[in-house]
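First the structure, which I've put down as structure tokens, then a few questions once you've had a look.
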Amino acid sequence: MATELSAVPTASERMAYRAAQELRDEDVVFVGIGLPNLACNLARATHAPGLFMIYESGAVGAIPERLPVSIGDPSLVTDSLAVVGQADIFQCMLQRGLIEVGFLGGAQVDRWGNINTTVIGDYANPKVRLPGSGGACEIAVHARRLLIVMRMSKRTFVETCDFVTSPGHRVNGKRRAELGMPGGGPTRIITDLGVLDFDATGEAVLAEVYPSVTPEQVRAACGWPLRTAEALRTAAEPDVSVLRLLREKLDPQRLYL
Amino acid sequence: MATELSAVPTASERMAYRAAQELRDEDVVFVGIGLPNLACNLARATHAPGLFMIYESGAVGAIPERLPVSIGDPSLVTDSLAVVGQADIFQCMLQRGLIEVGFLGGAQVDRWGNINTTVIGDYANPKVRLPGSGGACEIAVHARRLLIVMRMSKRTFVETCDFVTSPGHRVNGKRRAELGMPGGGPTRIITDLGVLDFDATGEAVLAEVYPSVTPEQVRAACGWPLRTAEALRTAAEPDVSVLRLLREKLDPQRLYL
Amino acid sequence: MNKLCSMKEAIAASVTDGCSLVIDGFTHLICFAAGHEIIRQGRRNLTAIRLTPDLVYDQLIEAGAVRKLVFSWAGNPGVGSLHALRRRSEASSPERLELEEYSHFGLLSRLLAGSAGLPFWPLNNYAGGDIARVNPSIKTVTCPFTGQALAAVPALRPDVAIIHCQRADAEGNAQVWGLLGSQKEVAFAAKKVVVVAEEIVSTERIRKDPNRTLVPGIIVSHVVHEPWGCHPSFVQGFHDRDNDFYVKWEDISRQPETYRAWLEEFVYGVKDRQDYLARLETGLLDKLRAKARVCEGVDYGY
Amino acid sequence: MNKLCSMKEAIAASVTDGCSLVIDGFTHLICFAAGHEIIRQGRRNLTAIRLTPDLVYDQLIEAGAVRKLVFSWAGNPGVGSLHALRRRSEASSPERLELEEYSHFGLLSRLLAGSAGLPFWPLNNYAGGDIARVNPSIKTVTCPFTGQALAAVPALRPDVAIIHCQRADAEGNAQVWGLLGSQKEVAFAAKKVVVVAEEIVSTERIRKDPNRTLVPGIIVSHVVHEPWGCHPSFVQGFHDRDNDFYVKWEDISRQPETYRAWLEEFVYGVKDRQDYLARLETGLLDKLRAKARVCEGVDYGY
């Protein structure tokens, strides 16, 4: 099964790596399944061995032996530091302000970092019915730093979300502080083309592009007129050793890569 | 140490026995330490083997091997059906309406079954500082049937409680239904002289006297003009077999008898 | 009181047309056996409640048992969509399911209120977003101390809760370990509780470790012994998730024809759970059976 | 991160003059060792919080450490009064303690709010009685769905919580069984948490049974290994309550002279817990040591 290792990262590998760079040692992270989980495992395996992972299923301080196939995978329970009911997760961990980093993705995101995971089209008569919020809304409200990880396209990076499931920096013209939201709101949007930061007004601006990508390509994939930060940086990409780690150790079955 | 068994019950034995008669098989009882605990154990050992005992300390379905010396005795934990936090006891058991019978005593009781366990005298400048409510107030508010067990005297059965810790049928002129209390309120006051029932207005009236006691003696021990029920009954007293059970098996060290 | 009975009896005695129902479990301990029996008994117009309606809820929807869904995340976890739900809730559907939608924290809060005997529950959530805008059951309450506006949701008291656990006694004292989800809240919130257990043990064995008891028997009306009742979901200490099934389900459920065929074979076509298990691929249960990781006991002595 | 230190260090680093403090435990797991160390370090003007202030709180009061008591039941459980408290709170007292008083459910609700990050907590209680009349911190909140008036209490966020447990690792992941009291709520409500353990175990051992973890290390700042730190209260699985002491305490504490003499001998006159234990009657610890009642482990495999 062993194939020659390509030194070119896939879009997923880029995003997992770039997201991992946002995590600091000892951060308490509310982890979702898929790329966020991979990013956390990569951070733990490299620069943030003390990363503390909490899952909405109730596993606290989990160290799964296998890549979890669902947010409630049994491997998250075995050998975790604590397993608690979901009431404790949402009340005593998230609402209490203990979560430093949250991860979200979605079907649509707008320039304020509002996210839609509910419907495409009209709420009462949707074109597509999506899974809904799950814990996303409260993560967006309470996490001190929120990382949004999504592939970019005009279809997903939209002028206005059809439905705001998870509020960002500005909803219906109101800033999150006015709305009384305790969390810090979105810190960055990590995409397959580059990274968007949020400026002082709460608007997403292009701040980093991957080496092979031009700012024009990024703007072309965005549904609103995307502004560019004054100093555009080059986004860090995984080197061969990181790619080997991701492909051979962290997701050998390529569930998410 | 064995002495001849006296066939005459003590005041405590009378009260424990009479209180036990109020308990039905499978009742869920919120148990206090002392006489209530003895009454429950007696009921379990005689006519109510399925009595279900819950302690405010968190022990649910306890079957203590020894007579507990405190409401949180370790013997209440070992072999109980469940041990839960106090939040579950007060929220999910009591406030949720699962408690059928509560037991309370106190330093003062009035004709409406209001109980004082807080202070004697003025609240801000008390003559005697008592322990306070503990769980008593919420038991009085929520239990479907409340049994009050107290020795009678003019000092304890008072015209007006110095402080209403646990509300009865009428507080400051308002009925408990008006005040929105879900529990049924006091069912009976079991004393060392007789038993008081509550009439339709919520007032305690003398309903039973023990064989050796006259209604006049009871009235003389009451701080308010105690009315007598139309049909005054004779209160049941323990026979020798029950006394033997109480003295030799249920409280051999005479902690509470 | 001995409350042991068959799944058939428990469902017949507790789930009626038009009632509200939770078959709980968060990826762990999801009682598919109960859902299948409800389908076989032909129940209709159910209000199906759960934070995470998954395959068994979708099967109830496909079978026509559900009128209304109260939920916060509906999908095939880690795989894809619930296709019956989508077919019944998108603009193109002829016969639309009624949806009442929260986030996890919001729906959990409704159950917390129900379990605690309170009429509502406060939570700091929903400011600005659209969830509260489209759901009139999310209101505002003002803190009487700080003046802060918080979200409030009303108590939810489902008619029936079905709770799967690792072990229970015949009275329904149920012990659970691993993920606890919202099982305690659901059980205390419900008007009637059916406990389903992998193992029925003596009351003495329950009493050996009272801190493990999640649901006390006093709130339970029926107890069913149904090992492997959660397949394809998992039961910590008993068996793993049948992830291949979840992946295959995407194809089975995408087309109504294959979906109905599956229901015919595995739900309508079997008389009970034993019969269902007998139809699974040979060797599958052995493959899924947990590899032991037994912890030490603790000392309850004094 | 290794947070192990001595009781002396933990108290010096966390308890300051004027701070608010909970030494929790409900008859079980009451850390007398921490209270005695606070007395020895001469702390003053503390706000002492606990549902059930008992002997160690009374000793803190007698030693002059406490300015204000926030409580719901103050007594020598099963025996009698707290005499220092009574001497400082009855009309005849020259120097009065400030009292803020609830019922158990009310004070617990304040801690629930604190632990859940909410500004208040609703409860159905206090209608008509005098507790709410004399305590301005008990207000009313109206259910936005039913219009029902409920009691509301404000969140309580103690500066420091001291939580005794059966076992913890060096990071403060604390496991508790037997009575749980309000220890979880107190720990999550507090701004700083000191965990005191009968036994320090490896993190691997904590991970073997994650459902037993009551307090996660991420909210803990100091970990102290102090076996027998709860005497005369009990620790399930380790030692029984020293009931004779509770009974004798009634006589010791009734007179200020004998009370002070006891404090001199057992608190001021010892340098640490080992020293205290050495002064106890010979053979007492052996008599109190628990007789083993070990339960089975459960299987966390998959």
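By written order: A, B, C and D. Residues from 1 in each chain.
Following the convention adopted for this analysis, contacts are C-beta pairs under 8 Å (C-beta built on N, C-alpha and C of every residue); 3 or more make two chains touch, one makes a residue touch a chain.
Please read these numbers as outputs of a predicted model, since none were measured by experiment.
Trainee: Would you mind checking which chain's C-alpha centre is most distant from the centre of chain A?
Mentor: B
Trainee: Could you tell me the distance, in whole angstrom, between the mean C-alpha positions of chain B and chain D?
Mentor: Once rounded, the distance between the two centres reads 28 Å.
Trainee: Can you work out the whole-Å distance between the CA centroids of chain B and chain C?
Mentor: Chain B and chain C have C-alpha centres separated by 41 Å.
Trainee: Would you kindly tell me how far, in whole Å, the mean C-alpha position of chain B lies from that of chain A?
Mentor: Distance between chain centres, rounded to whole Å: 58 Å.
Trainee: Do you know which chain C residues sit against two or more other chains?
Mentor: 117-118, 123-124, 148, 177-178, 180, 184, 208, 211, 234, 236, 240, 290, 293, 300-302
Trainee: At least two partner chains per residue is the criterion; list those residues in chain B.
Mentor: Those would be 59, 74, 77-78, 83-84, 95, 182.
Trainee: If each chain is a dot and touching chains are joined, what shape do you get: line, ring, star, complete or other?
Mentor: Other.
Trainee: Once the touch criterion is applied, which pairs of chains come out as touching?
Mentor: A-C, A-D, B-C, B-D, C-D
Trainee: For the complex, which residues does chain D have touching chain A?
Mentor: Contact set of chain D toward chain A: 1, 115-118, 173, 184, 188, 203, 206-208, 210-211, 213, 216-219, 300-302.
Trainee: What does chain B use to touch chain D in their complex?
Mentor: Interface residues on chain B, with respect to chain D: 33-34, 56-59, 69-74, 77-78, 83-87, 90, 94-95, 114, 118, 121-129, 131-138, 140-142, 163-167, 171-172, 174, 176, 179-182.
Trainee: Would you mind writing out the residues of chain C in touch with chain A in their complex?
Mentor: 26-28, 51-52, 71-75, 77-78, 81, 85-86, 89-91, 101-106, 108, 112, 123-131, 134, 148-149, 177-185, 234, 236, 240-241, 243, 246, 290, 293
Trainee: Considering the complex alone, what residue numbers of chain D touch chain C?
Mentor: Residues of chain D touching chain C: 117-120, 122-124, 139-141, 143-146, 148, 150, 152, 154, 166, 177-178, 180, 205, 208-209, 211-212, 234, 236-240, 290-302.
Trainee: Would you pull the chain B residues touching chain C in the complex into a rising list?
Mentor: 26, 28, 50, 52, 59-61, 63, 74-75, 77-84, 88, 91-92, 95-98, 182
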